[in-house]
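Shared between the two complexes below is chain A, which pairs with chain B and chain C, respectively.
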Partner chain A sequence: MKNIAISWIIIAVAVAPASAQEYFTKNGHIAFFSKTVFEDISAFHNQVISILNVQTGEIRFSLLNKAFHFPKAKMEEDFNDEYIESDRYPRSTFAGSVDHITEINFAKDGSWPVVVTGDLLIHGVIKRITIPGTLTVKSGQISVSSSFRILPEDYHIKIPSIVSYKVAKSIDVTVECLYQKK
Partner chain B sequence: MAQDTTDLMSKLENEQIKNVTKYAEGTFKTTRIVDGQSVENLHRHVLDVRISHRFGPVSSGIYNFFGLDNATMRLGFDYGITDYVMVGVGHSTYQKTYDAFAKVRLLRQSTGFVEMPVTVSVVSVVAVNTLRQFDSVKTHFSDRVSSVYQILIGRKFSDQLALQLSPTLVIEDNISFDHIRKSEFAVGIGGRQRISKRINFSAEYFYQLPEMKSPNSHNVLSIGIDIGTGGHVFQLHFTNSFGITEKSFITETAGKWNKSNIMYGFNISRVFQLK
Partner chain C sequence: MNPPKPLNSKDHLLTNIMKNKKKIIRFSVWFLIFLFTGIAVAVYLWNKPHREIRNSHGLQISAAALYDSLRIGNKHSILTFNNKVVTVTGRIRKILNNRQNQQVILLQTSREGGSVNCTLEEKINSTGEGNFISLQGLCIGYSGEDTLMDLPGDVFLIRCYPLQSISK
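Let's look at the complex of A and B:
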């Protein structure tokens, strides 16, 4: 019993400093846009969960697909029912790391261009991507932003031919997260 | 370290699920199962233009082009005032009927923060039979008005299957079919089963309480498929009812579900987001 207690204390001590390097948010913003000559579609999400470990550079995102808001109710319904199939695949996630995070001085205000590499999971399909972003430190607060493009077909999302002219082949995604310390 | 992040992530994810209410979406593909109302409501500011056709008995053969020569139709406009209140008006060839309805959703099936096993809506329909009467007896406007009240209890069991129970009260008009004014109870049961991503099988049946129903009327059974194309929904079906409004198909179905009475019909629904 005593040994177990001791090992718990050791674990607690070992983990504590590590978790102090973790920052998180529950209200990150992710938006995506599809632009064609026929129709512009945009969707917003403001309940994105994200975790950033400033020591290891580990970064994660997770969101419920159903919480994307579209300007038209029909778009939201089709997105959930037919494209992203959110009953089968409720979440989209990203797990990766920020390259060379040790070069960033988090004690000082400033903004740094960063490159993030990791696994993006959408619609049950995992794809390794590398995307550029910006990491900003302002009076002790850390935020990240990024914009990149994805192709629905990479994630086996089929757009029916009857509406395919209204949905762009590549979708612009933007990310904005302001973190708080754990 | 990575494990640490994973633990924190699952903690945050679980917290989020507990705090978010996840509503059942798309219990039915449109606001009707076949002809009867479903628990589905139009979203706010959505206009749904519905054109419903019913043809004559398929058994009438090539002379009637298998029923297509005697078509009746209903043209309807439905509108979502809010996400849970919708109204609609329509005109149907059968008995030259004008109808108007309102549907209010009271409960919505959900999981998460709010747990609710079923969606419950109430519907009220008023219809006016404007067919000229050649009887010597003078008919007043009030003799032509019928009304229908329904409670719809629906549940989406899975992506595949949704079922609905619809207790219905029909207050007849004084001139249609062989009715003298009276009220009637019926219980509707309907459902849909997904066949593919855009195609659903749907069916509905209304059971009229035997002691209340008109001796010449039969219970209506309609089966069909819904094909959704994003914006349009096509419903193709077979039924034994000639009428398309609630009062007529629930209580005035003249033929049994058999070879000589089955009719083909289809509905087209087109939605427009107005704001």
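Let's look at the complex of A and C:
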């Protein structure tokens, strides 16, 4: 009987910290921006799912491509039908890890520059990327932000030559997520 | 009397233009009509408004039924609801604000932690957690299930408008 009780305590101690270290959001924000002399194109997405494990540094993002919102309906239609092919590739994901996360003191308010390395899946193409970011702890709430660039051609996104002058060769991406404890 | 001079190439061209004047005018008119129609169509397509959500007829369903249909992920449910205007009714689990200060209403489902996640276009102050509400928005699908973390997914509705709010 005593052994069973001890086993349960060991299991509880082993499992409890794991779930206490997991944070998530289902309403994270991602925006992208393309700037050329002919046209500026921007879009945002407020239904980004992200999971962060502050013990292991594991971080994941997932979004449904159809939820990107553009200022013009035609831009949105072209993005979904012609470029990202949302019916064929409904999701974009990122799975990676925050380097040296153990050096961050989550009990204290502050901002830390971080580097995240992982696999970015867009348009059915996976590419390993390393991006800079900032991890902030404020009143016990954790948020991450990042700005980086991607090249559509890296993900086999074909821009028709007739409009290629209006779409930048590299796209600026910004990410902002405010997490809640699981 | 001098014999008539043969026509040079410039004269030939002028004569031909005079002969085909009517044809050239007709061609020019049609060309301009096609050109302006093309420009008008392009301008219309480029500036056409986003899909009307608020005044559309939405597919009526409860939050729990919508969640269960899309979570299972059969083709029929996906074709019925994804990318369609849906009127969903359910009890409010939580009200949040996203980074752009839009209100996000999570509607309860039969699964703990799984919600119908509705991002509103306009804020509502006259409701609270635990109340029933009807919202109309564009359904984009089920996502976010994470088996590693044991996190249930949500069904996402974007560009939502409140239709009706009922107290507890």
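As a convention for this text, the second predicted complex is superposed on the first by the 166 of 182 C-alpha atoms of A that agree within 3 Å, B and C clash if a C-alpha of one lies under 4 Å from a C-alpha of the other, contacts with A are read in each partner's own complex, and residues count from 1 in each chain.
To be clear about the criterion, a residue touches a chain if its C-beta (ideal position, glycine included) is under 8 Å from a C-beta of that chain, and two chains touch if they have at least 3 such contacts.
These numbers were taken from a predicted model, which means no experiment stands behind them.
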Putting chain B and chain C on the same copy of chain A, do they fit or clash? clash
For A:136, using the defined touch cut-off, is the partner it touches chain B, chain C, both, or neither? Pick first, second, both or neither. neither
Touch test for A:146: chain B only (first), chain C only (second), both, or neither? neither
Touch check for A:182: first (chain B), second (chain C), both, or neither? both
Chain B versus chain C as contact partner of A:111, first or second or both or neither: neither
A:82 in the overlay: touching chain B, chain C, both, or neither? Say first, second, both or neither. first
Looking at the overlay, what does A:73 touch: chain B (first), chain C (second), both, or neither? both
Considering only the touch criterion stated at the top, classify A:27 as touching first (chain B), second (chain C), both, or neither. second
May I ask you to decide whether A:170 touches chain B, chain C, both, or neither, giving the answer as first, second, both or neither? neither
Using the superposition on chain A described above, determine whether A:160 touches chain B (first), chain C (second), both, or neither. first
Among 56-64, 110-118, 164-172 or 254-262, chain C is struck only by the chain B stretch 110-118
After superposition on chain A, the chain A residues reached by both chain B and chain C are 22, 24, 26, 47, 49, 51, 53, 60, 62, 64, 66-67, 72-74, 91, 182
As the complex stands, chain A meets chain C at residues 22, 24, 26-29, 44, 46-47, 49, 51, 53, 60, 62-64, 66-67, 69, 72-74, 76, 90-91, 176, 178, 182
Residue numbers of chain C touching chain A in their complex, please. 45-51, 82-83, 96, 98-100, 102, 104, 115, 117, 119, 140-141, 143-144, 146, 149, 151, 153-154, 156, 158-159
Looking at the complex, which residues from chain B come into contact with chain A? 1-2, 4-5, 8-9, 12-13, 15-17, 20, 22, 25-26, 43-44, 46, 159, 197-198, 229-231, 271, 273
If you look only at chain A, which of its residues touch chain B in the complex? 15, 18-19, 22, 24, 26, 47, 49, 51, 53, 55-56, 58, 60, 62, 64, 66-67, 72-74, 77-78, 80-82, 87-88, 91, 160, 162-163, 182
